[in-house]
Amino acid sequence: MPAQTLKVGLIGAGRIGRMHAGNLATQIESTELVMVADVWEENARQCASRYAIPAATDDYHDILAHPEIEAVVICSSTDTHALIIEEAARAGKHIFCEKPIALDLPSIDRALAAVAEASVKLQLGFNRRFDASYSRVHQAVQAGEIGRVQQLHIISRDPAPPPISYINGSGGLFLDMTIHDFDMARFLVNSEIDEVFALADVMVDSAIGEAGDVDTATILLRFNNGVIGTIENCRQAVYGYDQRVEVLGSAGAIRTENQYANTAIISDNHSVRRDLPLHFYIERYMQSYITEIESFVDAVLHDKPVSVTGYDGRMALILGLAAKKSLAEHRPVLLSEFIDDAGREA
Amino acid sequence: MPAQTLKVGLIGAGRIGRMHAGNLATQIESTELVMVADVWEENARQCASRYAIPAATDDYHDILAHPEIEAVVICSSTDTHALIIEEAARAGKHIFCEKPIALDLPSIDRALAAVAEASVKLQLGFNRRFDASYSRVHQAVQAGEIGRVQQLHIISRDPAPPPISYINGSGGLFLDMTIHDFDMARFLVNSEIDEVFALADVMVDSAIGEAGDVDTATILLRFNNGVIGTIENCRQAVYGYDQRVEVLGSAGAIRTENQYANTAIISDNHSVRRDLPLHFYIERYMQSYITEIESFVDAVLHDKPVSVTGYDGRMALILGLAAKKSLAEHRPVLLSEFIDDAGREA
Amino acid sequence: MPAQTLKVGLIGAGRIGRMHAGNLATQIESTELVMVADVWEENARQCASRYAIPAATDDYHDILAHPEIEAVVICSSTDTHALIIEEAARAGKHIFCEKPIALDLPSIDRALAAVAEASVKLQLGFNRRFDASYSRVHQAVQAGEIGRVQQLHIISRDPAPPPISYINGSGGLFLDMTIHDFDMARFLVNSEIDEVFALADVMVDSAIGEAGDVDTATILLRFNNGVIGTIENCRQAVYGYDQRVEVLGSAGAIRTENQYANTAIISDNHSVRRDLPLHFYIERYMQSYITEIESFVDAVLHDKPVSVTGYDGRMALILGLAAKKSLAEHRPVLLSEFIDDAGREA
Amino acid sequence: MPAQTLKVGLIGAGRIGRMHAGNLATQIESTELVMVADVWEENARQCASRYAIPAATDDYHDILAHPEIEAVVICSSTDTHALIIEEAARAGKHIFCEKPIALDLPSIDRALAAVAEASVKLQLGFNRRFDASYSRVHQAVQAGEIGRVQQLHIISRDPAPPPISYINGSGGLFLDMTIHDFDMARFLVNSEIDEVFALADVMVDSAIGEAGDVDTATILLRFNNGVIGTIENCRQAVYGYDQRVEVLGSAGAIRTENQYANTAIISDNHSVRRDLPLHFYIERYMQSYITEIESFVDAVLHDKPVSVTGYDGRMALILGLAAKKSLAEHRPVLLSEFIDDAGREA
C-alpha cells in the first residue's frame, strides 16, 4: 500500500459513476473508496458491493460529512453539479466533477467562488485531454514540432443519438457534445477563442428537432492568436465513434486517427477492409478516464495545480452558449458578448 | 489511327499549355494538334518543335481562322479567357478553357452567351473532377453507398505560395485557389450552395497581405439540400500538396488520402515514416489532366454533353465572389445576393 | 464480490510473476490471491505488500499445502516448471504455467502424466493466442472468411537482445523466442506441423554466437494440411517489438499490424511519420495476459476445457527441438523423428 | 525533336510487345519505332497502324537487316529469345529482351557469348527494378538507411492463374513467376544467393498439378553476405496482384505496400474498406515498363552500362533451376551445383 492514500467519496453511481468506481477500486493506486452515494440507494449499494466500498448511502451529505473523506468524485446528474461543488467546497473536500459544471453561467460562478474561497482543488472531467493521441498532438504543438499553429479541425461524432429523454435534459448539442470539442480546441491551440459561428440542422432524427435541438453541426472558431478552427459534430456516425483532430502549423501538420479493437486487415475479392473502430466513449477513452483521475489524485496528494480547471469548464460552457446564440441569430458571435475584459460575465 | 480525329489548336504555351500539348501529342488518341499560339512567338515555336505541331503563331486569331481546326484549348492568361471564348465561339470552334473564365460576372456572361448562340461545346478545366479518388467519392455519393450526405470537408493546401506577381493578377485566394474547391464541393454534394461564410488571414507571408490578399482561409458552406461543408485552404503546407476530402452520410462516410510517389515505409529507432506526398498539382493530378481532355474530345466527337460546363465555371466564380464579400463584411453571404431566381446576376 | 471466487497461489514473483499478481489483484474478478512464493523471500514479501496478498513465503510447498488454494500460477524459472507442475498436480491444484514446461521432452512427459493422473487442469502461458488481433485472425480462419489456408507468414522480432546470462539459460532462440511463434502457427492454421527447415545466424551480437546461440532465423514450416509457413525471428528490431502475421487463403488474406501508443501522424518537410510501435511484450500484450488468466479461471470455475493445453506446450517444444536439429544438420527435419504415430516420443 | 534519336525495331507484337510499342511511340522521347515484326503478319500490321510505325513484317530478319535500326526490343515467345539475341548481336544491334533469355543455361550462354563478341548492349526486362517503390527500397539499402541487411521477405502473387496452355510452355512456376522475385532479391540485397530451399504444392488448381507444375511456393534463400530471404509465391490471390517486399537491417526496416487505383476509404456499418489493389502487372508496373526502356535508350545513346545485364538474366534462371532441383530432391541446393567459381556452368 502506497505511503499516501487519498480517501475518496463517490457521488452518483450511474454509468459513468460505476466506471469511475471501477477505476478507483482497481486501477488507481493511492486511493481508497470510502463511501458511495446515489439518490437511488439500490444503485449505491450494488456499486459498493461490486467494488468492495465499505459504505453506501442515498444522501451525498453523508459523504460531505465524513471526516476522513478528503476528496469527492461527482458523477450525479448535471443539474446537481454546481450545488454539490459548492457544498463540497464548503465541507473542505477536493473535487473532481464530471462536465459540465452547469448549463448556466451564474450557477458556475457561484460554484467557482465557493471553490476559490475554500481553497480546495477542483478538476473538471474533460477526460479527452488525457488520451494518448490528443496528448501527443498537444505535446507536438507545445514543443513546436509543427511550428506556429494556423488551422485546426476537429471531428467528433457519436455512433448513435441518445434517447430523446436524454436530449431533453442535455442543454442541447453544443452544451452536451460540442463542449468536449470546445475544450479540446482550447487545449490543443493553447489560446482562447474570440468568436464562434455555427451552422446546424436536424439530419439524423426528426424527434431531436421536435425536442428543440439539432443533431448535426459545424462550428467555425476564431482564436485570439489568429488560428482558425472548425468542429464537425454529428449525433450519428453509423461506423462508430469518430474522434479525430488535425492541426496545421507553419512547420508541419499533425493528425490523429480513430482507434480499433484489432489491427487485422482482411482482403477478399470485394475489398480490403478492417473491423469498425471502437464503438463509443467507454471503449475509446477507457485509459483517459483512468489517467485523469490519477492526475487529480496526484494534484491533491502533492498539492500541484490540477490539469483541467473550473475556468476551463466555464470557458467551454460559454463557448456552447455562444454557439447556441450564433445558430439562433445566424451570425458570428463574439465571446466578449458573454465576458468582459476582466473575465466577468457581461 | 482512329476513325475520327479531332483537329485542335492550342492557345497559350505557358506551363499548363505545354502540359496540355504533351498530353494531346502523346497521351490522347483521336486528336491532332494543328497549331499552337502564344503571344511570345518563341514560346509557341518551342512548343511546336517539342511536340511536332505543324504550325506556330503569335496570334491566336490564326487558329480561329484555320478552317480545319475544330476545337481550341485555351491556356492563355486568365484576363484573356472570356474574350477568346467569345471569339472562338463565333468562329464555330468547340472550346476547352482553363479556369476561371473571368474574374467578373459580366465577362463570363458575355462569353457564355456567345457559346450558347454558336451552339459550340465549352468545357471548363476543373480537372480534379477527373481524378480517380475524387471520382470514386462522387460515385459513392451518387450510388448511395454512404446514404444521404450530411457533412463535407475539403482540405486543399499548396506546398508553397506563388510569387507576389502571380498573387497580384490572381483575383485573390478565393478566386484562384478556392475556386477548385468550390467546384469540388458542388460536384461531390450534387447540390447548389446557398450561403458562404469565410474566415481568413495572412499567416504564411506578410507580402501576400501587403498585396491585399490572404493566404489561409476556412470557408463554411450551406448547401441547398441542407449539407454543411467546410473548405480549409492554405498557400503553404511544408509537407507538400495536401488534397483531401471527407463526406459523411447517413449510411457511412468516405474520405480520400494524399498520394505518394512510392509506398515504402521506413522504420528506424526514431519513427515509422514515409517520403512526402506528391509535391504539387502537376504530379498529383497528372492523370486527371489527360482524362479531362479525353472527356472533352469524346463529347465533341460524339456530340455528348460536356462534363464541366460554363455554368459550373460561373457558379464557382460566384462562390469566390461571395467568399470575398463574406470576408470583407464578416457575415454569412447568400448566393442570392449575386443571382436572382432565374439564375441571372442580381 | 462474484458468487464464485477462485483462491490462487502465485509461485515466482519476478517480472512476469509480478505482472500476473497485478492482474489477478486488480483486473480479474472472481479470483483471490491467497499466497505468493519466491525463492527470494524479499521478492515474495514486496509482491504481497504491493498487491495486498495475505501471505508470502520462500517455499512454494507452502502454497501446495494450503488447503484453501485451488489453483497455482507458476512463474518461477523455467528449469523448475516441470517439477512444480508434477507436485502441484499431486496436490490437486489446477495449474497455470508460463511457457515452456521444460527444455526436454522427458520432463514434459512426466509433468503431463502427473496432470493427467490427477485430473487437474493445466493451461500453458501462450498469451498471444488471447491478443485481440491474433484472435481475429484465428476467428477469420475458423469462420472461413479467407477460404482454405495456403500460406502463413509470421514476423516476430524483439526490440533488443536479452543479457547473455539470460541467453545461457534460455535453451536458445528456437526454444525461447520461436516457441511462441510455433504455437501461433499451430493456433492460426489449426493443423499440426509435419516438417521444419531452419536457417539462422549471428547477425546482431557476436556474444550470442559465443554463447552457442543464434540471433536471427527464418524457419520454413510444412503443415499436415499442406499449408506452407514461414517464421522470421530476430533478437533485435531497433524500431521496437515487431509482431505481425499474414495468412493467405483461397478466398482472401488476413494480416495484422504492429500496435502503437498513439495514432498521431506528423507531416513536416522531411517525412510523414509516427512514433515507434509499443516497445516490448509487457506493453504490446498487456491485455492478452489478463485475458489468458480470465480464460483459465473460467475453465476452472466452470469445468471447461482450457484454451492452451499441456499438449500445445509439448508440441511447441518439439518444434523448437526440430528447428535446432534442422539448423545443426542443415536439412528439413520431420516431426516424426521426435514423435511416433501414437504421439509418443520417438 | 531531341538531338539524338534511337531508331528501334520491335520483334513480337503480342500483349507485352504492343505495350512496349505504345510506350515507345508516345512516352519515350528520343526513340523512333521504324519497324515491327510478328510471326502473325496481321499482328504486326495492326500494331504498326495503331502506333504509326512505318513498316510491318512477319520476318524479324527484316529488322535485323535494316541498316538504320540501331536497337531491337524482343518480345517474341520465350523459346525464340536466345536465338534472336544471337542473331541481333551479330547484326550489331543493341538489344532489349524480355525475360527470360531461355529456359536452359547452354542457350543463355551462347546468346551472352554472341553479345560479348559483338560488344552490343543487352538489357533484360526485369522491369520491377524500375518501380518507384522497389527503387526506394534499393536506394535505402544502398544508402545505409536501414544499416546492414539481415532478412528479406518478398510476397509475389498473381490475381489468377494463367491458362494451362501458358503453364505448359512457361518452364514452371520458378522459371516463369519466381524469376522476377529472384532478380528482385539479388537487386535489393546486393549480394549473390548461395543456396535455395523450396517448398511448393498445388493448392489453387489441380489442372496445374496435372501439367506437372505447382501453383503455391515458399522459397528460402541464403545469400553470400549472410542475409536470409524468403519468397512467397502463389498463382492466385483473389484480392488482386500482391507485390510487396520487406527488408530488415541492423538500423531499421523498410517495406512496401500494394498500389491502388484510388485512395478512397469507405466506412459503413460493417467495415472500413477500400477498393482492391491494382489488378495485375500491366496496371501495377505501367510506369516501370516506361522507365526501363528509357534507361535502355539512355544507356545506348550515351554509351553507359545497362541497368539489368545478361548476367542478371543468367543468375535468375540458375536460381529457378536450383529451386526446381530443391523441390524435386527436397533438400537445400547450392548454386555452386550449377556454377563453378569462375562463374561457368558446373
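Order as written gives the chain letters A, B, C and D; numbering starts at 1 within each chain.
Here, a contact is a pair of C-beta atoms (placed from the backbone, for glycine too) under 8 Å apart; a residue touches a chain by one contact, two chains touch by 3 or more.
Note that the structure is predicted; figures quoted are calculated from it, not measured.
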Comparison of B-D and B-C (more C-beta pairs in contact): B-D
Farthest chain relative to subunit D (centres taken as mean CA coordinates): A
Geometric centre distance via CA averages, subunit D-subunit C, whole Å: 43
Centre distance in Å when subunit B and subunit D are each reduced to the mean of their C-alpha atoms: 40
Inter-chain centre distance, subunit B versus subunit C - centres from mean C-alpha coordinates, in Å: 58
Sequence positions of subunit D contacting 2 or more other chains: 237-239, 251-253, 267-269, 275
Subunit A residues touching subunit C - in the complex, by the definition given at the top: 1, 26-27, 49, 52, 132-133, 135-137, 140, 145-146, 251-259, 261-269, 275
Contacting residues of subunit D [partner subunit C, same complex]: 147-148, 150-151, 153, 155, 157, 197, 199-201, 203-204, 216-218, 220, 222, 226, 228-230, 232, 234, 236-239, 242, 246, 248, 250-253, 330-332
Contacting residues of subunit D [partner subunit A, same complex]: 237-240, 267-277
